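Below are structures written as structure tokens.
Look at the two complexes coming up: subunit A is in both, with subunit B in one and subunit C in the other.
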Partner chain A sequence: MSNWVEACAADEVEEEDVIRFDHEGRTFAIFRSPEDEYFATDGLCTHERVHLADGLVMDDVIECPKHNGRFNYKTGRGKGAPICVDLKTYPVRVEGGRVLIDLG
Partner chain B sequence: MTNLSIDVPSTRTKRDYGLRGANAARAVESGLAAAEWYHTDLPRKQMKELMKRSDGPAIRDTAIWLGAMLVFGTAGGLLWGTWWCVPFFLAYGVLYGSASDSRWHECGHGTAFKTPWMNAVVYQIASFMMMRNPVTWRWSHTRHHTDTVIVGRDPEINVMRPPDFLRLVLNLFGILDVWHATLDMVRNAAGNVSADEKTFVPESEQPKMILVARIWLAIYFAVIALAIALGSWLPLMLVGLPRLYGAWHQLLTGLMQHGGLADNVVDHRLNSRSVMMNPVSRFIYWNMNYHVEHHMFPMVPYHALPKLHEAIRHDLPAANPSMLSAFREMIPAFVRQMRNEDYFLKRELPATAKPYREEFHNDPRAVPAE
Partner chain C sequence: MTAAGMVIVGAGEAGARAASTLREDGYEGPVTLIGDEPHAPYERPPLSKAVMTTNDIGEPSSILDADRLGAARIEHLAGRRVSRLDLANRLAVLDDGSVQAYEKLLIATGAGPRRLSLPGAGEGGVLYLRTFADALALRGRLRPGSRLAVIGGGFIGLEIAASAVERGCAVTLVEMAPRILMRGVPAEVAQIVRARHEAAGVRVMTGLAIERIERRGEGSAVVLGDGAAVECDLVVAGIGAVPETALAEASGLAVENGVRADGALRTSDPHVFAAGDCCSFPHPLYGGRRLRLEAWRNAQDQGATAARNMLGAGERYEAVPWFWSDQYDQGLQVAGLADAGTRVVRREGGGASLFFHLDDAGRLVAVSAIGPGNAVARDVKLAEMMIARRLAPDPAALADPNAKLKALLATSPTIAAAA
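The block that comes next holds the complex of A and B.
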């Protein structure tokens, strides 16, 4: 079942960057790729509870600011130590300049 | 120096540094483990600029590092048997036994190079030179960043209280480090993962530890066999022994990182030390003299740390002006800690700094250190 939620304005996220989105006690990360596409994942690193929105986006990779763990934010796949668990991703669409994510 | 110190003999506390000991459990119960640490506020745009990766500086520095090792090692080898080889081996040893410490560190963080495989290759080379299993030590360093100088949680506290001066002197020549590294390598090669290692290395990573230990053991056997076959110490002077005779610089810089400062606080400004250094030591140490800055923002590459220092210095204790100044405050603090484990140097924040967790900053027991 879909549960589309408005996360932010599309232009709030710079290209090749990420912002944090909190909703009903949960936290998410909203990404904008260098190709101007939008993606969403859980907001906390799976290694330790650190907000990925403070990290560095490089192409399709987000690097956690605390231990430099890396994920492909498009697929959620962890890219080696210290990441042992992949990141949950969420469907995203952009409508009327707003970014929506499907929390299911 | 504007440090303050705390010296309260009536509250002396015996510390248990074991990763499965009483302090480990206490750190978890009290919320000191995996806590939220203080960070200086910086605009996102500026932070992104500081975090930006680049291959150029690390390629240049790695070429200088390995190139200099090649030159000094070759010259030392050609002059082997004469006293003229000594200065060349002294230089080679520092590049092998000390500069590889910072390369291990930076490439372990994955920040030195932009290209991941370059970080991985230099990380493996530097880990071998430092005799640090690249798997074990990646995870121990991860814990060091989560729980910096939290007693019972941080596996990389190099000066425990009370300080063990004999250990420090022996490690000026890498003696204890190499002894323990050799035991660990043999143990891991035999397929044995210790109970302590299991506290911070995930089970899925443990087979890799064992594989690396076996490969390294084979390399050391081959070097020793070559030395025996040639009837010469020269192969060991180039591989293995420099970890002993070249370790002194990494010990000195390593001590300054946290030595004599607070433990069990969640503010790197209080438990870490930044020190201004000469350019040669900064090259060997790859700018880790900006240690408060590194701990606060570990994703900033070494080459951007001077800029980070300028951006946040208003919020940090003043950096020590030299290595000598760091040792002049540290050694007396170590001596005091022999009598009183609770003694430490309390860093004073500038008026422009933002306080965090007042209980760590405004301890009413603080008195001037000097």
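The block that comes next holds the complex of A and C.
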């Protein structure tokens, strides 16, 4: 079952950057890669539940602002200590300048 | 005695990280992690923060719990102390007289709180915070309405003060130096921190001599040089940490403000390494200056580097020093060594303040920053990358909140390392 919701305008996220999107009590992170593609993950770090949108995006990696845990935001894969749980990812599509994510 | 393999002494941040790195890097032999605390390796930073403010936290937050230790085949000897090393025969001698042979050994024994040497400070008159047990003892006595005197305006003292305010205590903080946060943090940042504490109701007193601690009825008094006294129910001190070098000294290893290591974290014995709060090492980014850091990420990164070098990698440790502190709604971060700078450039934006420290050549050597939550994290990270690459960013651009640090990272010139 899909459940597409509108997250933001495409130009609200800069290239190689991330913004936070809150929806019905949940929080997500919306990424725009250096290649101008969009991705979405859970918004909180799996280590100590800190907002990833305060972190730094470099290439396809988001680094958590708290203890520098790193994830590939395209796959959700955690890249070593202190991260031991991967990040959940969500399908994304861009339509008419809006970013939509599928919360399933 | 298990067959010789890798032995790690000290099951804290650095030791735990070293143990898991040995496995991640494919080491198949025995890994033994020996620590004198009763717990599986746990995180210390929450002790002055969440553990202090949240009564239901009854267990420390594990770095490696029993399941993960088991899965990684790490043998954890808890509640056991290593008393000395027989370097010639590569044996670790434990407090119960048993011995453990090693191929390579890591000393990750951390640091302990510096004790106040004042009349009245002994015999439980003053509490300290380093372990989970310390945290529970302190938390149990921070009741709403109780009066707390904190001696020492460093990070631990300030975090305890902030947590005690949150628990409804009345807090007085006494610092003997002219200002709080004398070590590693510029005066501008210290001033912002002080103002935040005062706004929360903490009475902050600086530049004062302390004569003694007195018992007064059920409570205590911190008696100052001028005879005035801070009356309180409880005294806690955070006046710095002393590297835990007893094992290194008993074994005849070189000690110099910590266990003396080279740039690859090897001690004066080629089979013994050191990492974390106990380790003094030369830093290539600061002209080989010998440092000893007391910071979470340094413990993690040194643990990992030491583990790889125990396996023969020969890697030089050159990570940029970095730490954070959380007090109230504010997050503070410092990357690099602020005292290596001769000029400060300030940048303001989004309620956050960043201070860039440049040396005479214009090279960025540190950044100190404070702001709400994790607001400064991204900029500090970018500055840290500039520090690591020895860049000399344009000061005017650093001061301009609209100039993107990511662009400066890509375009600033490099200052070559001195030969």
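The rule is short, and it goes like this: the second predicted complex is superposed on the first by the 104 of 104 C-alpha atoms of A that agree within 3 Å, B and C clash if a C-alpha of one lies under 4 Å from a C-alpha of the other, contacts with A are read in each partner's own complex, and residues count from 1 in each chain.
By our rule, a contact is a pair of C-beta atoms (placed from the backbone, for glycine too) under 8 Å apart; a residue touches a chain by one contact, two chains touch by 3 or more.
Every value quoted in this text rests on a predicted model; they were computed, and no experiment measured them.
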Report clash or fit for the pair subunit B and subunit C bound to subunit A in the combined superposed model.
-> clash
Just subunit B (first), just subunit C (second), both, or neither: which does A:49 touch?
-> first
If you stack the two complexes on chain A, which partner ends up touching A:20: first (subunit B), second (subunit C), both, or neither?
-> neither
Could you figure out whether subunit B or subunit C reaches more residues of subunit A?
-> B
Partner chain(s) touched by A:70 [first = subunit B, second = subunit C, both, neither] = first
Given the touch rule stated above, what does A:81 touch, subunit B (first), subunit C (second), both, or neither?
-> both
Which residues form the common part of the subunit A surface touched by subunit B and by subunit C?
-> 54-56, 63, 65-68, 81-82, 84
Provide the residue numbers of subunit B that touch subunit A in the complex, in ascending order.
-> 34, 44, 47-48, 51-53, 109-111, 114, 116, 135, 138-139, 142, 145-146, 202, 204-205, 297-299
Residue ranges of subunit A touching subunit C (in the complex, touch as defined) = 16, 50-51, 54-56, 63, 65-68, 80-82, 84
Which part of subunit A faces subunit B closely enough to touch in the complex?
-> 17, 47-49, 54-56, 58, 63-68, 70, 79, 81-82, 84
Can you list the residues on subunit C that touch subunit A in the complex?
-> 17, 20, 24, 63, 68, 296-297, 300, 304, 324, 373-375, 377-378, 381-382, 406
